[in-house]
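Just so it is clear, A, B, C, D and E label the chains in written order, and each chain counts residues from 1 on its own.
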Amino acid sequence: MVEPVLTLSHLQKSFGALKATDDVSLTLIPGEIHALIGPNGAGKSTLIGQIAGKIAPDSGTITFRGRDVTQLSTAQRARLGLGRSFQISSLIPEFSARRNVMLALQARQGHPFRFLKPVQRDRGLIAGAQAILTRVGMAGRASVPSAELSHGERRLLEIAMALALEPACFLLDEPMAGMGTEGVGKLVSFLQDLKQQAPILLVEHDMDAVFALADRITVLVYGQIIASGSVEDIRHDPRVREAYLGDPA
Amino acid sequence: MTDLLRVEGIEVFYGASQALFGVDLTVQEGQAVALMGRNGMGKTTTIRTLCRLHAAYRGQVWFAGQTITTLPSYKAARLGIGLVPEGRRCFATLTVTENLIAAARPGAWTLERVQGFFPRLAERAGQQASTLSGGEQQMLAIGRALMTNPRLLVLDEATEGLAPVIRQEIWAAIRALKAQGLSILVVDKTLSELKPVADTCVILERGQSVWSGTPSQITPEIEHRYLGL
Amino acid sequence: MPEKSREYAVNAVLALGLLLVPLWALWAGEPFTITLATRIAILALAGVGLNIALGLGGMVSFGHAAYFGIGAYVAGILAQHAFLNTPVLGLPGSNQMLTIWPIAMLISGVMATAIGALSLRTSGIFFIMITLAFAQMVFYFAISWPAYGGEDGLPIYVRNQFPGLNTMRPWDLFLVAFGVLMAGLAFSALLRGSRFGAALMAIRQNPERAAAVGINPYGVQLTAFAISGMITGLAGALMADLTRFTSPSMMAWPMSGELIVIIILGGTGRLFGPVAGAAILVGFEVTFGGMTEHWKLWLGLVLLGAVLFARGGLIGLIAGKERHG
Amino acid sequence: MTTALFLEQVLNGLQLGLMLFLMSAGLTLVFGVMGLINLAHGSLYMIGAFFCAAAAAASGNFWLGLIAGTAAAAAAGALIEVTVLRRLYDRDHLDQVLATFALILVLSELTKIGFGPFPLFLDVPPILSGTVNLGIAQYPLYRLALIGFGLAVALGLWLLIARTRLGIRIRAGENDREMIAALGVNIRALYTLVFALGAGLAGLAGALVGAVQSVQVGMGEPVLILAFVVIVIGGIGSIKGAMVGALLVGVIDTMGRFLLPRLFGHFMEQSQAAGIGAALASMLIYVLMAAVLVIRPKGLFPAHA
Amino acid sequence: DPVTVGLITTLSGGGAGLGVDIRDGFQLALSMSGSDAIHLVVEDDGQRPEQAVQIADRMIQSERAQILTGIVWSNLAMAVVPSATAQDVIYVSPNAGPSQLAGAGCTPNYFNAAYQNDTMHEASGAYANVLGYENTFIMAPNYPAGIDALTGFKRYFEGTLAGELFTQLGQTDFAAEIAQIRASGADSIFIFEPGGMGISFMRQYAQSGIDLPIISAAFSFSQDVLPAVGDAALGVINTAEWSPDMDNAANQAFVAGFQEAYGRLPSVYAAQAFDSANLILSALAAADINDLPAFRTAMRAADFDSVRGAFRFGNNQHPIQNYYAREVVSVDGVLTNRLVGTAFEDHQDVYAADCAME
């Protein structure tokens, strides 16, 4: 078996009496899209937050590329190669789309304490950012400040920033949300390519997309994993139908 | 049937850049209208303008028989426009119940009824809104708009990020609300779910209303041309 | 971008004006005008320092007077020991600016790091208030610490020296201040264009996002805060030499307010904002201070007008809103 | 040092704390619910004291003065809100700092023009003058009354903010003004009201405390900074926090002034000990604040956990 | 040509009352003299040393002022005087006499027409002996002037100290101090709490129910603050080199003139400023200011009618004068001071010995 990129073992997180994450263990192996689905409030974003380093788990460990990262800060994990997108868009509002991506690129290259060399004339950064924006279909909007982008465009920029980090794995929290049917279609084929580059832990409510993309699906309900398996297994699992999928429309 | 909301030829600017170039739209009493279009075409801008959160540079908005083009937004809301905004925008530091109470105006929708409608909001009553899950926040935003006892419910991407079961519930709820006589203006990305609810569809393209008709009139050709399918 | 080039033009006018006006005064025999220009240059330098924290980093420090005062005290204390020929902490005093400046920057930098390390645990309004409170603490210490004059302050009987110049002459001192200001501006320009500057600005707008791409917000902000304190401290050392006096009131909170005023009047985050702001403020003080005893009323009204109607300060008024490429 | 003296000093500390709470209440209200940093709080405090002193002198009645002082400060607050501050809610704190800093200059100067440069006289009302025997010491009645006022204000504010719909809407407005307006709430009017209330509280504190202090131009600035310390320690926007913060500051400051010189008196000569003790005591509350923030960066009772 | 005199004083903020009195006293002397030898420029220093220095520079360098005066506070004087006098400008102090400028740092261009800081408190110490106080509690703010005050008092006081306390500069609540005073077993209290601190202290002291006698230098019981302290001040003994009821022609003319011009009683600051102006006028009449040594000699002669009666300079150009004890009384409902005794005659400060000038 291939060595997993990311391993969660026995993660536990409570908010007061609420167990948001209840003994969750899962892995992400190279080349796969691992979809994490579950009802609203099941604890998916909380789990992503713990992996990314925003929320400290009460117990359990997170192993990333063979290293225990449970105690590291968000920034440290990002530098190790964890790239995340936010469920609610989180961008640098005054920066143009291009500069947002450049920021991610520069952070990946390190040297944050370079005080004197001008970035704006850094050809490498600019070209790199432009290439990534082209990849997500935002080339034409590169110089628009991100505050002035429409909702859907911001979602695309989120993806672009995650790409720029060239991470060893992607944590994508509802990347399809807010995208039109057209956009979802594009993104699906895009993610299909992307997983070759790095495996993806995908949280998504758009089931058409999930079923089209996922190699494995884990279902979270009330913080617990109730099922895990292939698309077919999950699609027909009665517990999942009841808790999450509802009647096929 | 009378027109509850009528939008005529509105043009809107963000700073120096124009976002709307003439949008027309009518919602009749008791009707559900769907506003459609690709990303960035101006749906949200249209909605913000008719809720008076953004000023129209040109054009008129009438609601319930009076022009509201220059009314402050709180007055427009008091006339009966209930907004579920894009991105939810719950009051982050308030509890769930406080969010609902903040919006309350007298009418058929009370705290109990809203909590009955979305039981999850009763379960999470004392929790701070910022810590709710995305879907819970969405429910809260709808519940909050209902608490204002609106005549027209305006939903901008109200099912975004919701689990399929909940979405089905929400669509059912929207249908139920419509059946109770509430007028509805709705923006959503999922056409398959939108079509059964809408009486009329209006399509925006680059800040202009370019097509309108009943859902059944939407041909594959139109879908391809305006919605990118 | 025409706006960008208009900003460059404004900057050039400011820099040239600040040099040419005292030059004219030298020719016309108006030494006080030179003194005023020196004062503007020094206050502008203090503003350049604060602008790094406040304009670029969004850290609204209401306590930068502390670093300004610490710089001034370093100059005053070293000069006094040099004058009396007594040691400080076992080392000799000094009346050489080139020795005093690095020490002033070092000590204000250390202080800024300590205060910043605590203050940056908070943000927003908390940050404003805690920086204010820390500055007050330093202020009270200076007032009640008798060794260097306490509230009476510390005179510098003979100005500290700069190689090749006679600092007792107004024009020579002006050249020193102007040179340091230009160096400070150049440094600040490079900083804002650098990766560090980009990270700092990003953190100001969205720290969580910055962390998610791998930037450590705390470290970057603390570094910027320390640099900011050092530059303001350097300005304090110069100010002590200009007034030939150091007093705790240089670290009292109205001074912190004044530094903020300078920045906002000129244009927050704008490279030359502090220069424009200092010129406006000093010009106003001098013009109205002699005219009416109620000049503070008018100053207040002018400030109000500036906040309400001239967003972006003078430079914003002329060159339009700032764009971050 | 006798136990009685020690206890009296503890009481003095608590009393000072309640006085500080009175001074900070309006500030924390405006901070907490409107997200507005109001440096001119001290100036409103001063206005309250001046109008109270002037009205009390003119009418011979302290209580009329108290009403006049509170009303004048509230009116000034409403005026400021309508003309200046309401344009600044959407701006960052920096603009608010500058605008309210400017207001300090304007209000101080106007007060001086209106009332002259000399301090005014304001005495405690006859029924509250004199002392009561508390067993440990004769205690001034007026100070006991201040304790009562402080507690009443705390309770009233807490009820208003936490328990009324008005309070909820105000807090909602702090989160998202545009949204609360889109839900039909006239948030503009609400904010004017809240600010006037905060200003009125500042004026009330100024009038009450003015009777035991000096009513003079500039009296507001030290109060402002103390109030900042109190609020930072307690947690901005939390009434409970302001109360606890104020009591802590009051007790620690008083006990520091009382005990530190005695402590140093054991090692050194009396006048030197007095000097060093006083110097350290003056920094004590800032040390306290730093310590609190190291442990709890959002203060002891963060309003938004 | 009239000589330009620059008057830098505090006209805004909490200390404005003192500056206003100094300005008014100075201007009154000019108008009463009818002389046009002086062109007066007045400016507000905001009680900030940097501001004062800048104004001084401007008055000297651009308005060609040859004489400066007006500063209220020691710390501002310390900032302005050394550099102004080094530029060959005469400085006449209408208030504040920091010890540095009286002792080793004395300079020929600096004249103090008021008092040396310590002397006012020394007078309190001496008069406390006269009153028979034996066990006094002493208290002052913790800053140089406060430390000097207690040192000055102790220099002449012969009894024991029941306690010695430093308060904080700008302190407004004195409950903790009052409790200690009550517990100390003192028979009297000496305080130096200038400005608002004194008002606050006296209010709170009056409410505390303690009735130990208070002795103090004039600062907390001068005419500028007395109305604000109110009846709590009645009976307090305070020491100064002047009192409004002094029985000499110059003083009677001054007090009447001041009341007529400004509608209030003059404070000790106004009296000192009035004397400063007359001192300058007398020297200008006797010598040309452009001949600086001659002008200084004329200043040293102090040939003018002082409102405090006899007035002469010592070697350090600080006054050698009498200090009186005054009592706060109410005359027709107005609080004011009345002479009750003499603390010192022809008293000179101790620092004069350190001054190298002859």
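Assume a contact is a pair of C-beta atoms (placed from the backbone, for glycine too) under 8 Å apart; a residue touches a chain by one contact, two chains touch by 3 or more.
Bear in mind that the values here come from a model prediction, so they are computed numbers and not experimental data.
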Smallest number of contact steps required from subunit B to reach subunit D: 1
Chain-contact steps, minimal, separating subunit E from subunit D: 1
Distance-maximising chain from subunit B - centres being C-alpha averages: E
Label of the chain whose CA centroid is most distant from the centroid of subunit D: A
Selected pair, greater C-beta contact count between A-B and C-D: C-D
Euclidean distance of C-alpha centroids - subunit A vs subunit C, Å: 43
Centroid spacing, where centroids are CA-atom means, of subunit C and subunit E in whole angstrom: 36
Centroid spacing, where centroids are CA-atom means, of subunit B and subunit E in whole angstrom: 74
Separation of subunit B from subunit C, taking each centre as the mean of its C-alpha atoms, in whole Å: 51
Subunit C residues counted as touching two or more neighbouring chains: 140, 143-144, 146, 294, 296
Residue list for subunit B, restricted to those that touch at least two other chains: none
Pairwise chain contacts, counting only pairs that touch as defined: A-B, A-C, B-D, C-D, C-E, D-E
Residues of subunit B that touch subunit A when the two form their complex: 14, 17, 38-40, 44, 86-87, 120, 131-136, 138-139, 157, 160-168, 189-193, 227-229
Interface residues, subunit A side, partner subunit C - complex: 52-54, 73-76, 78-79, 84, 86, 90-96, 98-99, 102-104, 106-108, 111-120, 143, 145, 161, 164-165
Sites on subunit A touched by subunit B in the complex: 15, 37-45, 87-88, 148-153, 174, 177-184, 205, 207, 243-247, 249
Subunit C residues within the subunit D interface of the complex: 54, 58, 60, 62, 118-119, 121-122, 124-126, 128-130, 132-134, 136-137, 140-141, 143-146, 253, 257, 260-261, 264, 268, 294, 296-297, 299-304, 306-308, 311
Interface residues, subunit D side, partner subunit C - complex: 31, 35, 37, 39, 84, 87-88, 91-95, 97-99, 101-106, 108-110, 113, 221, 225, 228-229, 231-232, 236, 275, 278-279, 282-283, 286-287, 289-290, 293-294, 297-299
